[in-house]
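Quick one: the structure is below, and I'll ask about it shortly.
In this document, chain identifiers A, B, C and D correspond to the written order of the chains, with residue numbering beginning at 1 in each.
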């Protein structure tokens, strides 16, 4: 089979992508930061750092710490805010051939809805991804994503506010990921992405203080891959909307595992830090795998796990 | 400070240990397997492979797969069963100076209770640890440990069946670990150990089959340490019974992190496979740390995290 | 059965073919205790990635009393091992498991590829025993190059080899098991000792069953501990009431009739 | 500002003192683009443990156009780096960040320990500029041994050094900041360029503020990406409305007045 006949295109709830490889929110800045290293035009989609209505300063440092095959972060959702994003960051992104997905976050349901609505006014945005791992300030700070009712509520409100393709990004810190997935599907999302980071912690034994100033943070990187893959498989089996796999993906082989488990596309997070060229290498790697196995379209391996 | 004046003794719900270092269930066989490598007399306690009323054959292979800084297992609770344990395994263990803790598992509440009661008849058993990560067969196979009511029920029933110190070992695959911890405390346990393994998965991309025959398995090893430490810290803050920290501990520094986070003792699991001498090395390492910091008792660092 | 955890000193790490290496380790206690068919668990890398030890059969104990392993570079762990240099330390546990039982007098050794590893140790011990047995060695490999890599030491012992290659570049073209028929008529009552890929071992076991020969096979499964603690190395037993045997303790050498061959 | 991800070739990895190494890398593009005070992100290990790249200041670009780093062995990453041998490849990203702005004419360099790393590159460039500035170099170290390790290249340039050691085994006994007072009276209007441990930099910043001198400091924070994407390298800004600056993009060299010094 000729390598050029391999078809990498996938569709995520109405959004057509040239290939299934996206960058995960918070790990690829606003795209521009990686332009010296990657051909941005080749990516499936760029998902930008989570945006809130107002700019946020984030948590005090230290904000990151390395752990075995992983890292903890407590960035605290620092971002430039919606207005600066639209004026300073979006124009550069829209010049790429790649789809732009805006990750949004808020303290309450209304904030999410307002963000979605305002973003819908801007041409060129491919989709909205809602980060529901944030605390619901009106509900005592419990994360939206850990309660299926809150998760459904925020999804439904955002659904009403926009006609853009809507991706809901799930938190893995739950007993029953399928329950949350079904709830947000029913509430009207077009796709589900998972996983966000696992809650973790590290301690400096010399000073007996937490290594993160925020005490706890989100675990990402290869360490979490087995958990992410399991959750993607569970969710892909119980929803009808496309699933996007995230968590520790650091090679084409990793990405292919998620596709086989049922993900229609994947996101690369922490691996961008270690190898800024990883996204392009994974696109090439998926293509080579398909050619070697004489499979003409990536869509044919999605959910093809034999159990 | 003289190294010999460092006091490593801790008490776990009435069980006095010469030091806080135990071996985690399922990773140290029945003790004997490690006798060529470790001086078993030096350990705080040996926790044996989970025992059921009847022998169990376990899951079909492959049962283990390596992951980044971790491993997945789906042993399927293979064990020799209560009777053989008592007749063939226990006598060897009772000859050591080290406390013996029996980890138990069952398909239903009654089985746990019966096991606890029968074990209570045997002199020399230091404590019982209940593994509530097993599926409750009568409740559709949902794990006891993922529902606070089921967790409390099995704890209460076992509590009635034995007067031995009772440790409940929690599953980390839950939204709110504190909720489960408080429920089993209220149901009468003497200590809480955590974490058991995180549910994970791996796929062979050549054959497109799961790498574990059982599809999913339990993730253990250094990869899970940040999650385990976070959960230990959360639980230690909301219960009054002693907490035992487990998860990825592979060095004295790791063990000390858990003690500082609030664990009164710790268990070493996967690290035994990589370095069979690790338990003794960790005991020595804790002692050295205390001496260097001029702390005369390990009890003084338990829960000493400054936040 | 003495067992040790020791820091062995790497003496030599020699490339034998494109992807096969022979490594010589100084570890007197382990070498002294090692019997043919046993293995060691090797940790040749710091850090936790890769995490687990890797099992390797004992290829031989050299005349100087050193331990030798023959290994094929497959993935991360063996790649790191291949990069190691003399004087570095390698943490090993061993000797582990149940080896070959070879008091029989008519021995047929059947090896496939890197599966030769435990068979050379056996061969040497057999030749040295007071009543040397009648020995036939049949060896399979992908190609002439691989064959030369795995048989070179056998040739030094002066034993005669029946060889088969997948590509026909040396000896019989086809699976090594096709050579077993040839010795059938020579004489009855061979005991076969075999190691190689699972499909080959399955075929060897079947042929032996047919011919009424005894058959001992060295098996591979994933292993985490190597010391019978994790129960990860389960292998289906022939007897259903047994369920699973464990490769690290009940094996790696099994009587072929003990296993289910599914 | 061109930036690259390149496989640099290790040319030399030389032990300078007990725990300080100087590593020379062939990476012409990065070397050509490098300005004093900038850094590179280094991945010198395969596998995911350790996972993250490590940031190192550019110590100098040698006369042959090679990149040189001076590093202290602290933990896993630097230990692995110290074990690397000539001809091995090291993946680097750089040059990164904002370097020193040194068009001023009266330059005082204040270094502490391994904090000397970015200052030597600066020193060389300053001496080569068409209107060479008046330069004073003040250096602090724990001991004579460490001092000799970090100042040897400065001495080759023929610059005069004020030195201070913690144990008094060389030069002034006490913190290097105590030497700053001595040059105060000589003349007004120094611009100070400093790198070293946080408490030292804080003291330097305070003294400069008092004396009315300009002060540029090279800061260290944990970094995951080095390219302004992760926002992990936050450092508190003096101006509350700014909140945090980011060491990899706004730094690592900051005007001391930009920072909060908490």
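Please note the rule applied: contacts are C-beta pairs under 8 Å (C-beta built on N, C-alpha and C of every residue); 3 or more make two chains touch, one makes a residue touch a chain.
Since the model is a prediction, treat every value here as computed from it, not as a measurement.
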## Note on the structure
Computed over C-alpha atoms, the centroid farthest from that of chain A is that of chain C
### Distance from the mean Cα position of chain D to that of chain A, given in whole angstrom
36
## Note on the structure
Distance in whole angstrom between the CA centres of chain C and chain D is 54
### Task
Averaged over CA atoms, how far is the centre of chain B from the centre of chain D? Could you give it in whole Å?
47
#### Entry: Interface hub residues of chain A, defined as touching at least two other chains
67-70, 221-223
### Query
Of all residues in chain C, which are in touch with two or more distinct other chains?
48-50
### Query
Chain contact graph: line, ring, star, complete or other?
complete
### Summary
As the complex stands, chain C meets chain B at residues 2-5, 43, 48-53, 91, 93, 221-236, 243-244
### Task
Sort out for me which residues of chain C touch chain A in the complex.
48-49
### Interface residues, chain B side, partner chain C - complex
26-29, 33-34, 36-37, 49, 57-71, 73, 75, 78, 221-223, 250, 270, 272-277
### Task
Enumerate the contact residues on chain C facing chain D in the complex.
47-50, 76
## Note on the structure
Residue set of chain B touching chain A in the complex reads 67-70, 72, 146, 173-176, 198-203, 205, 207-210, 215-216, 219, 221-227, 229-230, 233, 248, 253, 256-257, 260-261, 289, 301, 304-307
